[in-house]
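We just call them A, B and C in the order they show up, numbering each chain from 1.
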Amino acid sequence: MQREVPLFITFITGILLIIAFFVPPVSKLEETFLDWYSIVAGITLILGLDSLIIHHLRKIQWKKEGWVHSLALILSLNLTLLWGFWSWWKSGSPFAPSASFLLYFYTYVFIPLQATMFALLAFFIASAAFRAFRARSLEATLLLISATIVMLGRTPIGHKIHPFIPVLSDWVMNFPQLAAKRGIFLGIALGGIAFSLRVILGMERSYLR
Amino acid sequence: MNTFWIRVQQMDRRILYIVLALGVLVPILARWKMDIHPSPEVKKAYDFIEAQPEGSTFLISIDYDAASMPEVQPMLHAILRHIFRKNDRVLMIAHWPLGVPLGQLALEEEARRAGKVYGKDYAFLGFRPGLAAVIVNMGKDFRSAFSEDYKGTPLDSLPVARGIRNYDQIAAVIGLEAGSVGDAWVQYAQARYGVHVILGSTAVVAPDYYPYLQANQIVALIGGLKGAADYERLVGYVGTASTGMTTQSVVHLLLIGFILLGNLAYALGRRQS
Amino acid sequence: MMVEMFWTTVAALLTLAIFSFLYEDNPFYKIAEHIYVGSSAAFMFIYVLYFDLWPKLWTPFFSKLFHGNLSGITSSQWWLIIPTILSVMMLTRLLGHVAPQAMWISRWPIAFTVGVGSGLGITGTLQGILVPQINATFLPLWTSSILHTFNNWIIVFGTLTTLAYFYFSVEHKGVLGGMARAGIVFIMVGFGASFGYTVMARVSLLIGRVYFLVHNWLHLV
């Protein structure tokens, strides 16, 4: 019962969505299923929230190392929720142009945190460029040459050095690069179809763990 | 002296960081400017939008968040300026929840600049979970995915959305991407319903979209800060992308220098040891 | 004006706190990092409520139910009970800490989402990737222009050899081995291009933050 019913649900929904693609009368049912999917998929976004909160509450409770950081996390979580709901109530939507949640919290707290977190990667990539990218073999040399052409060709400096550089970089992107990506895509697509079929037919059950 | 190249190899990473930081700071502070030559992929996007009859409706999808904001946000601004200047209309949705406000902020700013009216010229519908499911359902019946705007106003009360039943009334989907949503637009909106798709993306995912471009599955591709700068140039203003292009050039040269120095130190260091 | 200056300074300090990690790991970075994680989680919660449960379940169904307006609920809206039940079943995963034995209940909605994903995936991949991408590879290998012919060869040959490289069912010997070796050349050029683009992306993000500091905060440019 704990395994058979889920396998049956997967089989029916999977097959139905394939049939609906070819048989228009089933299309309305597909629309309904996709609508339900959208609702349930939303719920999955908040799964994991519990373990995050419990993990940090325990750290605070037992005053484990770094509990002050956990306190910051819990406080920011609660503050964000309160602010969001307050804006929802005050402005009719937390995302209204006049909502303080959008104007201040998102713009001046969330954006700098998220954007800077990812801007750090520029430094790590610089360090990697210096330490890791060695032209040790023909393959590695090809990679470096292709990267250099693209890095020059995709900025105005490439054109300044020689107008042919952007043309060459366009060529790399539109032909050899494209061919490799297409080969990889086709491989992934074939693998994806085979995997989906195995899931629908109940041969792949890892999602039931 | 014998160990010079070995020492170079083991240089503290923070020295590299300082050099990189200066490489970014100096061109910005010195306000160096460079000419921008728009690439063919971006021109196609501009020409396609330009060729649509006045009053066309574009569906813009926010599929990125603040992590890629410096690259994609200027694209959004430039495209919105272009669309509003042509007196076309915009419906905006989002597939990346954390990016929803970015779309909203740019839309409001550009609409204010162009003197556009909410509900008549543009509307913001917000986010729905489900990605492919949402994209497919919009092609069947737009209202089964979005029956109201982000404030809860029914679509039929908004003149800009009243006539929209499915993708047939959309001139093009403009997907602004930082991940795999662009693939879903191609697979489920373009392949299934034949709607025109223009993708603007971070430089990280842009190379993956070239096979779609050659197969005519997408109309055009605006990739990375350079793509954004190209679009700003085509629309005719200097925005943050164009301003950043000189810095980008300097830092790319610097990084190529790092790679060369790293290799040189490696080769000579090996000989020394 | 003052309000904006205050908030810009907050944003700048948070930016600097994250950048301070470059020197070494420190409490400022740690606090900023935890604030980011906490607020992201809360954000997700608000989104699910505001953009999912509110417009898709509350407005069309539960608000009417709670106000006793049963006649206002259409027959298709009554069906919303099913995704509601599935959503509640999904939430039993949250009970993992207190009642792990109840977690199996969440398998039903998971099975539903997996079924929908697989069904959509098969048709989407066939129609959206396999057919058009193979179609676009059927290019003439002899044209009136040498460059055009050469480029078509690159696409056809590159795609086939890359596929050969990833074909592991047969040992890479003979013709297949040769093709796989040619495939590596294309793959490396492809990865190089991706690397170049990734560098470009990361640098752009850094430019964005530094520009914020010197333009919006310090007004130096």
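Quick note on the criterion: contacts are C-beta pairs under 8 Å (C-beta built on N, C-alpha and C of every residue); 3 or more make two chains touch, one makes a residue touch a chain.
The structure presented is a predicted model; accordingly, all values stated were derived computationally and were not measured.
When every pair of chains is scored by its C-beta contact pairs, the maximum goes to A-C. Averaging C-alpha coordinates per chain and comparing to subunit A, the farthest chain turns out to be B.
Averaging C-alpha coordinates per chain places the centre of subunit A 2 Å away from that of subunit C.
Our note on geometry: subunit B versus subunit C, Cα centroid distance of 15 Å, whole angstroms. Looking at subunit B, residues 17, 20, 67-70, 97-98, 100, 126, 128-129, 133, 136, 150, 152, 203, 207, 211, 214, 224, 226, 248, 251-252, 255 sit in touch with two or more other chains. Multi-chain contact residues, meaning those touching two or more other chains, occur in subunit C at positions 22, 40, 43-44, 47-48, 50-52, 56, 116-117, 120-121, 125, 129, 133, 136, 155, 190, 193-194, 197-200, 203, 205-206, 208-209.
Chain contacts: subunit A has residues 34-35, 37-39, 41-42, 44-45, 93, 95, 107, 110-111, 114-115, 117-118, 122-123, 125, 129, 144, 148, 151, 154-155, 173-174, 177-178, 181-182, 185 touching two or more partner chains. The touching residues of subunit C, counted against subunit B in their complex, run 22-23, 40, 43-44, 47-48, 50-52, 55-56, 59-60, 116-117, 120-121, 124-125, 127-129, 132-133, 135-136, 155, 190, 193-194, 197-201, 203-211, 214-215, 220-221. Across the complex, subunit A is touched by residues 9, 11, 13, 16-17, 20, 34-37, 39-40, 65-70, 97-98, 100-102, 104-105, 108, 124, 126, 128-131, 133-134, 136-137, 140-141, 144-145, 150-152, 203, 207-208, 210-211, 213-214, 224, 226, 245-246, 248-256, 258-259, 261-263, 266 of subunit B. The touching residues of subunit B, when paired with subunit C in their complex, are 14, 17, 20-21, 24-25, 28-29, 31, 67-71, 97-98, 100, 126-129, 132-133, 136, 147-148, 150, 152, 183-184, 186-188, 190-192, 202-204, 206-207, 211, 214-217, 223-226, 240, 243-244, 247-248, 251-252, 255. On subunit C, the positions that touch subunit A within their shared complex are 7-8, 10-12, 14-15, 18-19, 21-22, 27, 30-48, 50-53, 56-57, 76, 79-80, 82-84, 86-87, 90-91, 93-94, 96-97, 104, 107-123, 125-126, 129-130, 133-134, 136-137, 151, 154-163, 165-166, 183-200, 202-203, 205-206, 208-209, 212. For subunit A in complex with subunit C, the touching residues are 2-3, 5-7, 9-18, 21, 32-47, 49-54, 66, 68-70, 72-81, 84-85, 88, 93-95, 104-105, 107-123, 125, 129, 139-140, 142-151, 154-155, 171-187, 189-190, 192-193, 196-197, 199-200, 207-208.
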